[in-house]
Amino acid sequence: MNRVATVIYLLFRTAVRGLASSATTSSAAVVTIAITLVLVGAFTILVGNMRGMLDRFGGDLRITAYFEEGLDLAEARRIAGSVATVEGVHQVVMVTPDEALARFRETTGAEALLEGLASNPLPASLEIALLPEHRTERGVGRVEQALEGLPGIDGLAKGQEWIDGYARAANLVRFAALGLGAVLAVSALMIVSNTIRLAIYSREDELDILSLVGASRTFLRVPFLLEGTIQGLTGGLLAILVLWLGFVAFTEPIRVGLSFFLGNAAPRFLLCGEAAWLVLGGAILGMMGSAAALSGWRGTTG
Amino acid sequence: MNRVATVIYLLFRTAVRGLASSATTSSAAVVTIAITLVLVGAFTILVGNMRGMLDRFGGDLRITAYFEEGLDLAEARRIAGSVATVEGVHQVVMVTPDEALARFRETTGAEALLEGLASNPLPASLEIALLPEHRTERGVGRVEQALEGLPGIDGLAKGQEWIDGYARAANLVRFAALGLGAVLAVSALMIVSNTIRLAIYSREDELDILSLVGASRTFLRVPFLLEGTIQGLTGGLLAILVLWLGFVAFTEPIRVGLSFFLGNAAPRFLLCGEAAWLVLGGAILGMMGSAAALSGWRGTTG
Amino acid sequence: MTAPEPGIGGSLPEGLALEQRDDAPVRMYHVSKSYLAGTFALHDISLSFGRGEMVFLTGSSGAGKTTLLKSLFAAERPSEGQILVLGRNIARLEGSAIPFLRRRIGVVFQDFKLLASRTIEENVGMALDVLGTPRRENRQRTFQVLKQVGLQHRRLHHPLSLSGGEQQRVAIARALVNQPQVLLADEPTGNLDPELTLEIMDLIADAATRGTTVIVATHDVSLIERYGKRTIRLEGGRVVEDSPATGRAA
Amino acid sequence: MTAPEPGIGGSLPEGLALEQRDDAPVRMYHVSKSYLAGTFALHDISLSFGRGEMVFLTGSSGAGKTTLLKSLFAAERPSEGQILVLGRNIARLEGSAIPFLRRRIGVVFQDFKLLASRTIEENVGMALDVLGTPRRENRQRTFQVLKQVGLQHRRLHHPLSLSGGEQQRVAIARALVNQPQVLLADEPTGNLDPELTLEIMDLIADAATRGTTVIVATHDVSLIERYGKRTIRLEGGRVVEDSPATGRAA
């Protein structure tokens, strides 16, 4: 038991000494890892905020179902209730003919159109909001289909341009996030492992000499794996720090600009889970990088 | 002259030998540089395509100016002509009452609204398209202001939601591109210079020994700068290759998905100039990285 | 001289010789090593080194001394032949068993092989670290052996700030610190002045009297004469002379 | 012995001695070097080495031999005193002038300092490369000097595949290849057998007869006796003995 404790102590001490003795190399590696993770983090923040914006942005999306003229209120309520149960529907609001007229006056400049009419010709309607993930052509199609058979519904206005625009933008962001995210993840993996590999190349003599004095596989490798892990971890923490500073420094001065498209929602930093993953990811990448570098080391036995 | 040629030959030979003798380290460095530049390139491609989409997407944006009822055609033409000269206006199209009615029937489901009318109550209108850079609230405001004083114009429909949506999306993309682009550029700079630095750390003995046998500053540094430049250049070319392969491999299978929001426009690769910058940037970064690493090397004179 | 076959057979004097060899910690049977096709760094070498025996290995530059020593701690595998060290057959040893063998062998490398980034104390302690020796014991033994080579006052310095001879002594200290059963010293006094050479060689000879098998490669003729131990001369990878210790009958 | 003051004054015999020194390629005036506060690796050393003179530098491990040599090619700056090498004052030399000085000095390092990643030929040719020597001439001279140390057949190999003594000879070849005006050799025969030692020392002595100032640090007493050259003994950083060549009157 004492021996195991000694060995663990020695492994850690060797790792720490290794880091200390190759301070320049180690810090260069840590900085590279940190930068890579800053990239990943910045990307995550950006995508997170874009998603948020798109959600709010898409929250304004409505399908309007016009009732047949003369439908009584109770019947309209019943229909509204059944529409609310359709898959993908988030909210159903009833608009009376008076409300509709008020809105029509507001939104179109074409008041002349209504001037000659004695009574309000606008029908009552239902405004149907969709759940975020159903704000697609398919989602709209499903609601349309569900409403088709219902008695009392006279017609639908889908705000087609809106849906098209929204769906395009949302897809654009999702696609871009997915594509760039994948490239970024693979890149981060390779950059970190390559960096650690370079850091270890400059210390091959250490591996050689340790092996010559009889270091076992464990004794030889574990300190380097620990070093890689510690470097990755440090890089991850550093990345979080830099991101936080950057976030604070940047969002404040451009808050006005931001509020233009964020509305009154505050830009958000990494979620706790995301931050934890970044740090953990750094550590894992560091360890994997070390492992890769070590597997490339050809020992002193011919 | 012969001596100069010899020295240049020797500098290049030393650089090439250095690269050859540290093949593993060099290739690790080249791979890291390539990855970093792939990131930058992928980002450039993405932003380029997003810009293209937004332009097409925003091309649908229209401001509608309704004419007063009974305005004669010649007068309407004159007004259309003067609107076309307003700053930021791209195109002006006249819509007759009949066309307007046909469209109204198509886009809204509320046909009931028009059933009771004997004559077409819809006015003639102008559809005003804006130049890409004026598709903002300010741009719209400017057109609005210019139309305000004009006789014969009865009202405006700005498609407010559309402008808001478009301006938000465009700003979002621009802002994201700017922010992530800046982070990416700085990261690429630091990753490449750090990588080259690490590659040189593992060869400090070379610098020491060359210096001890009397290598001048030039003879000592130039080969390393050349090595860095060559590594950066190779990394850049490799990045272009990887990007091209990735582009071809990815855009083909998802062409259908892409066409959804690209319309019938083909996704575009890096422009020639962008590609050249990427390769050149790699070379410059490599050289700068070497210079930074060399400046960190403390010579053999105490 | 022709090398005797390994095994049990043979006439009485041969049998006696074999008996001695059979429990010898280091035995080589027809060992050859070729780095470059057509040339031999070692050529059909059969030798045996007993417990507590001290042997000088000599021969001109490039004769194969270092190669012979390297083959004994599995830093080079022989191209042909069998090598038994401390009961293990090196030619057949798996990679994972090598560290365990090396921990029982002390080696003074011709080029020292000190880690520039670690202190003297850490360089010496390294040989105990790999054994998992507790910290306190490690420090005590390291201090003790550094004192023996006269460098305890430099224990916190780094190798590059030591003179050539001082570095050599650190290398010797590292080889001795874990009291190995086999000690291989490759030109251990090439950078030492004559007085220090004798002091250090006495330390090495002491190890032999405690039962360690000691093999010292050296060019120093005066050293060989002074100690009068068994001396093996290599030339072009072959044993050209194997003169027994002068204290014994030839 | 007390070191003479630099300058012009003095009695006749002193004056003569000074005259000899004034055009001597290597002159040291009251040179001290302290790496660690309170200790001296060199202590108030005043020496002068003439053109074509060959000098042995001896003394126990850590006496300061390497430090003295290092100070002569500006690898270490003296803490005190002046050093004139080939007319330049090393203590005041700018960093950019150092390479030009070093190209006129050949050095055999105690630890060889060969580049493991380059071939033998490239390692030796390096000393000509830094002079901008044309390719053909470089190859010819490199081949010539490698032949002199008996390694021309290994010229395309890498240092790590050479024996200790072979590496040492490569280091010597590199120091000789550009026919330096000053040759500093730090323990150049520590890894060579007695016959090779003489061959190589003859090469080095040859350089002296061609006018090179040669300073050889060595522990090898037999070598010093055999050549009977001026011998300087250091102890604790001080000159404790400066015996002239036995060929001359004391």
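As written, the chain order gives the labels A, B, C and D, with residue 1 at the start of each chain.
In this text, a residue touches a chain if its C-beta (ideal position, glycine included) is under 8 Å from a C-beta of that chain, and two chains touch if they have at least 3 such contacts.
The shown structure was predicted, so the numbers you read here are calculated from the model rather than taken from an experiment.
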Third chains touching both chain C and chain A: none
Longest centre-to-centre distance from chain C, chain (CA-based): B
Centroid distance [mean C-alpha coordinates] between chain B and chain A, Å: 21
Distance from chain D to chain C - Cα centre to Cα centre, in angstrom: 33
Computed distance of Cα centres, chain C from chain B, in Å: 67
Centroid distance [mean C-alpha coordinates] between chain D and chain B, Å: 63
Overall pattern in which the protein chains touch one another (line/ring/star/complete/other): ring
Interchain contacts (touch definition) - all pairs: A-B, A-C, B-D, C-D
Residues of chain B touching chain D in the complex: 2-3, 6-7, 9-10, 14, 17, 21-22, 203, 205-206, 208-217, 219, 299-302
Chain A-facing residues of chain C, complex: 73-77, 95-96, 98-103, 105, 107, 109, 113-118, 122, 126-127, 129-135, 174
In the complex with chain B, residue positions of chain A that touch it: 24-25, 28-29, 31-32, 35-36, 38-39, 42-43, 46, 50, 53, 57, 60, 64, 66, 69, 107-113, 116-117, 121-123, 154-157, 160-162, 165-169, 171-173, 175-176, 179-180, 183-184, 186-187, 190-191, 194-195, 197-199, 201-202, 246, 250, 257-258, 260-261, 296
List of chain C residues in touch with chain D within their complex: 35, 58-62, 65-67, 110-111, 161-166, 168-169, 186-187, 190-197, 219, 221-222
